[in-house]
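Two complexes come next, and they have one chain in common, chain A, joined by chain B in the first and chain C in the second.
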Partner chain A sequence: MSSKKLIVKNTSRKVFVHLFLYIITASLLFPLFWMIMTSFKPSTEWVSYPPTWIPNDPTLSNYIFILFGTSGNFARTYASAVVPYLNTVFVSVTATFIALVVGVLGSYSLSRFRTRGVSSLISIIMPRMFPPMAMIIPMMIFFQVIRAIDTYWGLIIVYIGFTLPYSVFMLKGFMDNVPKEYTEAAMMDGLSEWQILLKVWIPVIKNGLMTTALFLLILNWTEYTFALTLSSREVETITLTLAKLFSNEAGTYYGPQSALGILAAIPTIIFGIFIHKYLAYGFTFGTLKK
Partner chain B sequence: MAKLTIKKLSKNYGALKCLENVNLEIDDGQLAVIVGPSGCGKSTILRCIAGLETLSEGSILIDDELISDKEPRYRDVAMVFQCYALYPHMTVRKNLSLGLEHTTKLSKKEIQERVEKIAGILKISKLLERKPNQLSGGESQRVAVGRALVRKPKIFLLDEPLSAIDTKLRRELRNELKKIQREFNITSVYVTHDQEEAMALGDKLVILYNGKIHQIGTPEDIFKNPENEFVAGFIGKPPMNFFELKVENKNGKYYLESEELTYEISEGYFKRYLYKYGREKLIMGIRPSSIKLATQNTSTLDTKTNIATVLLIENMGNEDYVHLVLKSKRLIMKIVSENFLKIGDKISFSFEEEDMYLFDIENKKSLKE
Partner chain C sequence: MSNQIKRKTLQLNKVMLLPTNVIMFFLIIIPTILVIWFSLVNYQPNLGLNFWQSKFIFLENYIKILQDKAFLYAFLRTIIISVICIIVEFVIGLLIASILSGEILGKKIIFPILIIPLMIPPIVVGNNFWLIFSANGPVNQIISNILNREFTVSWFSHPQFSIIPIILSEIWHWYPLIFLILFSGLANISISEIRAAQILGANEWQIFWRIKFPKLKGIIAIALVIRMMEALKVFDIIHLLTRGGPGTNTETISYYLFKYGFQYGRVSYISAGAWIILFISLISFSLALRSILGKER
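Moving on to the complex of A and B:
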């Protein structure tokens, strides 16, 4: 009797939990669904009322417009989004890579040698604590002086500076969890400081490294404010292109924006899937008994 | 093939004195066991030898060559960690060969030969391609030992290597470790808090307490002639019983006396050990195995016999640890298992005067030098 009751209770509980999870998942995926649908809608359906959930008259014109900058259905022509796309790839990948490398070196020394003062977490993350807007005017002037406005290297440097605190902050967290015995065993096995980092620490924190890489890449990939103020003419990135898809006659180009949004999301999604197992497994430190 | 010498080693963490004036010599091929309660600084000595800690004072020499200012990798010392610390991302083979790759100029082929050979000795040949998380505790232990020995270091350090392993396997591995140490004839320092393990393993025992060495000697020597109260109480299972007694002289007879216990000693005994002892009180220690049941009949008390009540009987198989109460004082007696003893029984017990250990009440040093 009581066991039956329990089963009933458990089943209803399961149903409830699953229902709850479906609702959450649906609400999280809905914007993506809406964006995908909009990207295949002709301009008449973008903001029509009542909304069309599935495009009545699906078209690829939005994608064509994004790739070639023109399409028969649009009044205005733009430059193709291919160049901004490649710009974004180049700038964010380079900046992520460098921020990661410098972050590894920085966090290694902070974590391994337990430096006092500078190692306090607050001081690492401090540069990120005031809004970027507050820094932009002085940075614009400074970039003007050093002729870094509208250059790839200028933007890359800004992105490195912008993500490095996160890089050190996150990596230090992972590195602080590396048991000191690994380091000591490696010291006794004759490894130099560099070898300890490369052959022991990095493989041990591989999961953390991948997670940090994804996080930095997303930050750089979606950055808008610095790109807008420091390099909007020559080095245009996707975020800037998205904002430009607008005309006085036709209003915002929701269709092409959605199409570009989809194209822009693909690389980070692929990278995310690629490192999914590192994210999912999280932190397992193998043999050490604690 | 190396002799290890530690001279006047001290280690402070700020105001905290972790090690004080440690002097130790370990001969070629000897296995020295540093034993003491947790937090006494025994691991710190090991870490100082390994070069993982800097010394505050003193020096460490291998074969009269100063090593205490060298980096760990130039010391030719290997260590087995308590938690094994096998590199989790490398196979057992790689774990074993890494040290050789970095400290020797052997060719890849020679390195693999050495790895195969040590794996054969330690019976881990089948595990070479596995990762550490696929190993059991005992296997990890063997790999950790292999990783240290494959380099043929001058000094082999073991930091409580068996503490994470269950009792039965621990005994097995303990004997195996000793065998391997003999075979390699390698100077070793072994740290443990388990006095039984220490007694079983060591050629030489070093009793460490509060950062100071209390006694160095062979296991037999330390068991028979503890230099002070701490050593006497630490070594031996179950631990020694201690009494604070007064030395009395009544009608030409000598007694050791307290509220709980009275014990007559011979004049010869008094003259040998207590004649020069100026103080009124002393500490007497008696091992549980030295205490004998006198008789069931409590009426025939002689001057060496006392009466106690049985409080608890711990059955250890072929022997019993009998906990007794003497007024407010508790003591333990170790006897061959007897079924007739029951909790609450009044029994009389006695012991030989030569089995007593006598310690100075002030400085706790043995009076039987």
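Moving on to the complex of A and C:
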């Protein structure tokens, strides 16, 4: 084969591979595209057939309905989704912050002193293999005793417990990479353990800390099962609001559902793009090499 | 003096681990112990007895649930759904990962775009598929155009088809994870070995099976186990889309546990079921790992 032929073959191959990848990417984005388009459709276009792929008459009324619970174009009114949204922000940010602080302490201890606690890898992964539905019932009983059902702090506690394993093991993975020389130099300078942690280790793993925080935030933000079973009446999170709107309207309020879905997904998509290289690392409990 | 410092750091070490251990103790160890107890007594909150007053019946719950056809079907259904999802996800994930590990125009944009589905809350994923599979939605439109005749199936209440949108939404939600894991696996394979094989005249297929695959084994095992663990827990999407219906046609194991535990109040029954599932999954995971990793472990 002459070199010219080889080049032609390679170029056509390259074009084909690119085209193939772009088509796959586009088709994988289709469900998302459809939701975005639906969120701008007026109610007449929700169920019209054939469906309009791009709204003929784009409107913001779905978003207005979600934000204010009412809009001139809708027969029914609902509570605004702003309160559940703020609930979600408050609960997930608080839970993430506490799980992060506790996780930093725990992982520092595990990484620096190589100790064993209740928190060995197996004891943390095993409960994740256990069907969560069965775990929630004893938690409910426990929560009834301490009067934490349907409270902010109850939900926060559950979220801390559920994300803490990730926090500890992701952070431990990052901390294990801190060069020993740094710690030794700090000890020579007479820094205490707290100072080593705060002044040496944390600056070194800054990016890892950030990644872990955003990862935990995504987990808490998208959580549904615990919110449904432990706090569905008083502390409504955004995922519950969507499910409620869905079941009240038998899933026919396409426009508002989509608008709410987009508002619920935007923060996690942004966080995820920030840390996309580490997402797999997080989901595998840090067993994967970064 | 050094002893004193050692003792001090040891104490500090315990103090630092304390919050983690306390949280783990209350939220994981205690509930686990309670679930063991529940599975051995006849505890149903509706009966008005507290769990410590309930009658001890030892293994009766386990025997009963193993004879329950609905439980076995839900379990089988979960396995089938998971296996289909995992196979498709691996095909998609491996395909994209191998393309993207080459030189690709716009890689930096496509890469984050491809993993967006993983970041979307499962409930929103459910909503997406509800819309595109609705009776007047784009999927029916496309199928109508292909078949050249009217096609209006209401997917979510169809006895056989209702499982399809659920499987597709699961695949869509989770393929990015497999892709990410395989991508980082492929990134660790040295390029010189592949070049050498190319010079020797190996084709892509041979390069993949002889060089890349053996090196990906470990990482594939991790991906499998993680993905299977998540598949056993699929709940949000089903709760939103079909509530296990029509009938029990889309009832997976976690929906079964939810239904019997929260709607029928049969706590002991589902506690036994949960232990059976944990037991089976532990055994099958360790067997799967051993067969994939061979003698390495």
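To be clear about the criterion, the second predicted complex is superposed on the first by the 241 of 290 C-alpha atoms of A that agree within 3 Å, B and C clash if a C-alpha of one lies under 4 Å from a C-alpha of the other, contacts with A are read in each partner's own complex, and residues count from 1 in each chain.
As a working rule, a contact is a pair of C-beta atoms (placed from the backbone, for glycine too) under 8 Å apart; a residue touches a chain by one contact, two chains touch by 3 or more.
Fair warning: this is a prediction, and the values are worked out from it, not measured in the lab.
*Asks:* According to the stated criteria, A:Pro179 is in contact with first (chain B), second (chain C), both, or neither; which is it?
*Replies:* A:Pro179 sits against chain B, while chain C stays out of touch.
*Asks:* Contacts for A:Tyr63 in the overlay, against chain B (first) and chain C (second): which applies, first, second, both or neither?
*Replies:* After superposing on A, A:Tyr63 lies clear of both chain B and chain C.
*Asks:* Just to be sure I read the superposition right, which of the two partners does A:Tyr253 touch: chain B = first, chain C = second, or both, or neither?
*Replies:* neither
*Asks:* Of chain B and chain C, which one touches more of chain A's residues?
*Replies:* Of the two chains, more chain A residues are contacted by C.
*Asks:* Examine A:Trp34 and indicate which partner it touches, taking first as chain B and second as chain C; both and neither are also allowed.
*Replies:* It touches chain C, and chain B stays clear.
*Asks:* Can you pull the chain A residues that chain B and chain C both touch?
*Replies:* Correct list for chain A: 284, 287-290.
*Asks:* Once bound in the complex, which stretches of chain C touch chain A?
*Replies:* Touching chain A: residues 9-10, 12-14, 16-17, 19-21, 23-32, 34-35, 38, 51, 92, 95-96, 99-100, 102, 104-105, 110-125, 127-132, 134-138, 141, 172, 175-177, 180-181, 183-184, 188, 219, 222-223, 226, 229, 232-233, 235-236, 239-240, 253-254, 257-258, 261-262, 267, 270-271, 273-275, 277-278, 281-282, 285 of chain C.
*Asks:* Per the contact definition, I'd like the list of chain A residues that touch chain C in the complex.
*Replies:* Touching chain C: residues 17-18, 20-22, 24-25, 28-32, 34-35, 38, 47-51, 53, 102-103, 105-106, 108-110, 112-113, 115, 117-119, 123-124, 126-139, 141-142, 157-158, 160-162, 164, 168, 193-194, 218, 221-222, 224-225, 228-229, 238-239, 242-243, 246, 251, 254, 257-258, 261, 264-265, 268-269, 271-273, 276, 279-280, 283-284, 287-290 of chain A.
*Asks:* Per the contact definition, I'd like the list of chain B residues that touch chain A in the complex.
*Replies:* Those residues of chain B that touch chain A are 50-52, 71-73, 77-79, 81, 83-90, 98-99, 102-103, 131-133, 135, 137, 140, 147, 151, 164.
*Asks:* Which residues of chain A touch chain B in their complex?
*Replies:* Residue list for chain A touching chain B: 179, 181-182, 184-192, 195, 199-200, 203-204, 206, 284-290.
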